[in-house]
Structure formats: structure tokens, C-alpha cells
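For clarity, chains are labelled A, B, C and D in written order, and residue numbers in each chain start from 1.
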Amino acid sequence: MPVSVRDVAFEPYSEVVAYQQQRFASAGAFGASAVFVGTMRDFNEGDAVRGMTLEHYPGMTERHLEAICQDAAARWPLLDSLIVHRVGEVEPGDAIVLVAVWSAHRAEAFEACRHLMEDLKSRAPFWKKERLVDGTRWVARNTAGYTAGQSEPTKG
Amino acid sequence: MNTTAVVTIKLFASLAESCGWRERQRALAGETCILDLWRTETGQPELPPRVLCARNMAYCDARTVVAPGDEIAFFPPVTGGSHAG
Amino acid sequence: MPVSVRDVAFEPYSEVVAYQQQRFASAGAFGASAVFVGTMRDFNEGDAVRGMTLEHYPGMTERHLEAICQDAAARWPLLDSLIVHRVGEVEPGDAIVLVAVWSAHRAEAFEACRHLMEDLKSRAPFWKKERLVDGTRWVARNTAGYTAGQSEPTKG
Amino acid sequence: MNTTAVVTIKLFASLAESCGWRERQRALAGETCILDLWRTETGQPELPPRVLCARNMAYCDARTVVAPGDEIAFFPPVTGGSHAG
């Protein structure tokens, strides 16, 4: 259940393929893989977004990502999971987060992948600051998850 | 001053920006909880409901008593994962 | 919303990357991608499986995959979706099905991806025949989806 | 025999194996429903509950009346998607 925080751009599907190849020696060991990729959009809350700075808490962030994977592994019969999260200066189109889950059957792959993302958003210490045309703003809350939240822009 | 009776205090994101600093060491003077540190370091009487705190990289309650060598962090709600949901 | 049925092995993540590149001209157009890959396992119902023959109904199968994508697009605000399904002689480790969904936010990507898979399993005309050590058997029903079903082996 | 008054009948998967054929053309003799075709072609009086039928590549009821040129298919429950769920 490797987790990693990267300060350079990464290609999410190459990560999935590379990890899968080194992790599963025998072809046919898993039946289902669920993958989620969160990508930086160029539009948010009605404003064009030029870029974003992703801050994290080195040490605590990795520790929480590991705990999130362990919790999912205790809850579903998973074969493995993988989380990669970007930090630093992010451009539109860049992958921000990759969550991948491998299991024998599809139900647990879907459910665990979704749960990992929701857990990551609510617990892992990351903060986003958007660069707009007329300044920057901190993203105050994540929206559109299990429960829709509200973003509170503080343009400056 | 005993060099071990020191705690590290960290601020992140909008909190670090508004306070103008990211990290400090402070000597402990008697039994101190996280809320006491917040008051001393920021001059604000209460911890705003949207500010989270962690002791040694684990989320905790603001009434938690700190120990020498602890790393205490204050930060706004987390917003990781994909962009805007 | 392209769908395709392939009688040769395909690399699912290369399909995702290739389609995404030609489909989304501007980086930052989508925020969420959910991908599911179903892979042939080497074990099923307690028996070692050596291979599988996947039969389909040319014409009807493609038509139903397209209908499944259109239904999902009517139900969720999706930017696009992609389905690739393997037929013919399949070996353990081969990808059987790829479902990918692109959207602005994660909730609809997760939900639509799951729904597409369940819909595909219940409606699209595909049939699986496993090659075992001591013969072959038709896979009688899909298991472990929204509602757990039952497989009825008819070894022969 | 009018060449247009012909239907194509297809069997798939285990059904094709047990019946020993995959495709046939048949001339229609008067009003014929899908169940009539099943009876004539397989010799079985009823359509087993696990057998599905389609008319021109759309699922339909066995009482559906067929028309000249139709493609009628019979097959077992579908099992696409990932292997064993």
C-alpha cells in the first residue's frame, strides 16, 4: 500500500501500470482494478484558474495517507492500493491525485476506491491556493463528495 | 532553560499567511495545553472553530497538554484530492 | 462515448491515455476520471482457470454498449465515457473490460463508472466459457455486483 | 415461397452448443411469434425461464410476432464484464 507525495508532475496511468507490474508477479492474481484520477481544472467557482499551489504537512500527510490505506484494507478484502498526491506549483491539466485499488471482485474495488478518495479529502493535510486572473484564493472546502460542501472564496 | 522543555509550533496555509510565520520554537513554562500556545503565539483568545490542531502529526483536541519536544501544528480545514471535488 | 469490442489483447491504460489526449484538446477541461478494469483471473469458483472464450452477439453487443453509455450520460453530467470489451480467446491476466468516465467532479465519475459496469454486466450480450484442467464450463451468472448472484457450473 | 417472408434465427453460447447449430433461415408460414419459432426449431414446448430472446438486436418478449426479414436470437443470461464479478 505505497503512498507518495510528489512535487513534480506525474503521469497517473504510467504509475498504475508500473506499480501493477512490479507488485503482481503472476498474471491473473487480481480480477478488478478501480482507479480515480483528480486533475486540475482551468475553471472553478465560476472563475478561470491559471494555476494552483498545493501545500502539505511533510510527515503528517504521508502518515495520514498510509493510515487511510490501512483502514480501507481492514474494511474490504483488497489485494493492494496505491495513492500518489501532487504538491507544489500545479498547472491546469496536471494530475493532482491518483487512487488505485486492486481486488478479486469489482464491488470492493469500486467501494474502497471511492472511500479512499473521500477519506483523503477529509483527513489528509493538503491545502490548495488558486491563482486567478486578479489574485489568489485559498480553496476553503472540498465540494461534490458524499455530502456537498461549500467553497468560501477569500479573494485577495 | 532546559533545552528539552521546548516545543515546535507550526502554522500552515492561510493561517501561516495571516500570521506571517510558519514555524517557531517556544520554551514551556509549566503545564501548557495547545490552546494556551495558540493564545500566546497568535494573541487570539479562542481557537476559531475552523482551525484544526495536531500534536506530533496526529489530530488532537485543543485542551491536550503538550510535552517537551512536541511538534504542535495549527491549520485550516484540509482540501486535498481532486480540484473542487 | 465510443465503445469497442476487441478480439485481440488490449492495454487498458494506454487506451485511456490515447482517448483522453485526442478527446480533450484543452488541459484542464475535466476534473475527475474514474476507470475500472476487469481482468481475467487464474482462479474462479475454487478451480484453476487456464483460459476463457468470450462470445458476443456482433451488432447487438455494440448497440447495447452504446445505449448503456447514453443512459449514463442522461443521468449524470458526464463529459465523456469509454468502454472497451474483449472477446475471443482470453488468457489469465488479460484485460476483459475497461470502463472510463470523465467529468467535472468526482461524485458523478465514481457513480457513473460503477453504474456503467453493472449495466454492462446485466444487459450487454457477452458469454464466458472457462477452460479448466478437466474440461470447460459456461459462467452462468456474474457475482459480487450490486446484488450477489450465483454461478452455476456445468462442467463437461 | 416469397424470399422476403424469411427470418434468420440465431443461437448463442451454451444454447448453440446444446442445439448443435448457430444460425438458420426459416420461411414464415402465417402469423408466427418468437415462441412459435422456438418450438419449431428446438422441439421444446416452452422457452426455459433462463433463455432470453431478441428481435432485431433488441430484447423482447417471446410473444412478439415476427415480421419477414427479422433477425431473431435466443441466448442464455449474459455474463460480460470482469471475470467472476
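Everything below uses one rule, namely that contacts are C-beta pairs under 8 Å (C-beta built on N, C-alpha and C of every residue); 3 or more make two chains touch, one makes a residue touch a chain.
Keep in mind the model is a prediction, meaning the values are calculated, not measured.
Visitor: Which pair wins on C-beta contacts, A-D or C-D?
Guide: Looking at contacts between chains, C-D has the larger number.
Visitor: Per the centroid of Cα atoms for each chain, what is the distance between chain C and chain D, given in Å?
Guide: The separation of the two C-alpha centroids amounts to 26 Å.
Visitor: At what distance in angstrom does the C-alpha mean of chain D lie from that of chain A?
Guide: The separation of the two C-alpha centroids amounts to 48 Å.
Visitor: Once you find the CA centre of chain B and the CA centre of chain D, what distance in Å lies between them?
Guide: 72
Visitor: Mind pulling the residue numbers of chain D that touch at least two other chains?
Guide: Expected reply: 81-85.
Visitor: Could you say which residues in chain A touch two or more other chains, in rising order?
Guide: Each of 31-32, 36-41, 104-107, 117, 143-145 in chain A touches at least two other chains.
Visitor: Considering only which chains touch which, how would you classify the arrangement: line, ring, star, complete or other?
Guide: Other.
Visitor: Can you identify all of the chain pairs that touch?
Guide: Result of the pairwise touch check is A-B, A-C, A-D, B-C, C-D.
Visitor: How about chain A: which of its residues touch chain D in the complex?
Guide: Residue positions touching the partner: 31-32, 104-107.
Visitor: If you look only at chain B, which of its residues touch chain C in the complex?
Guide: Going through chain B, the ones touching chain C are 81-85.
Visitor: Residues of chain A touching chain C in their complex?
Guide: 11, 13-14, 16-17, 26-43, 49, 91-94, 104-107, 109-110, 113-114, 117, 143-146
Visitor: Using the touch definition from the top, list the residues of chain A that touch chain B in their complex.
Guide: 36-41, 44-45, 52, 54-57, 59-60, 63, 85, 96-97, 117, 120-129, 138-145, 151, 154
Visitor: Quick one: which bits of chain D touch chain C in the complex? Just the residue numbers, please.
Guide: 10, 12-14, 54, 57-59, 73, 75-85
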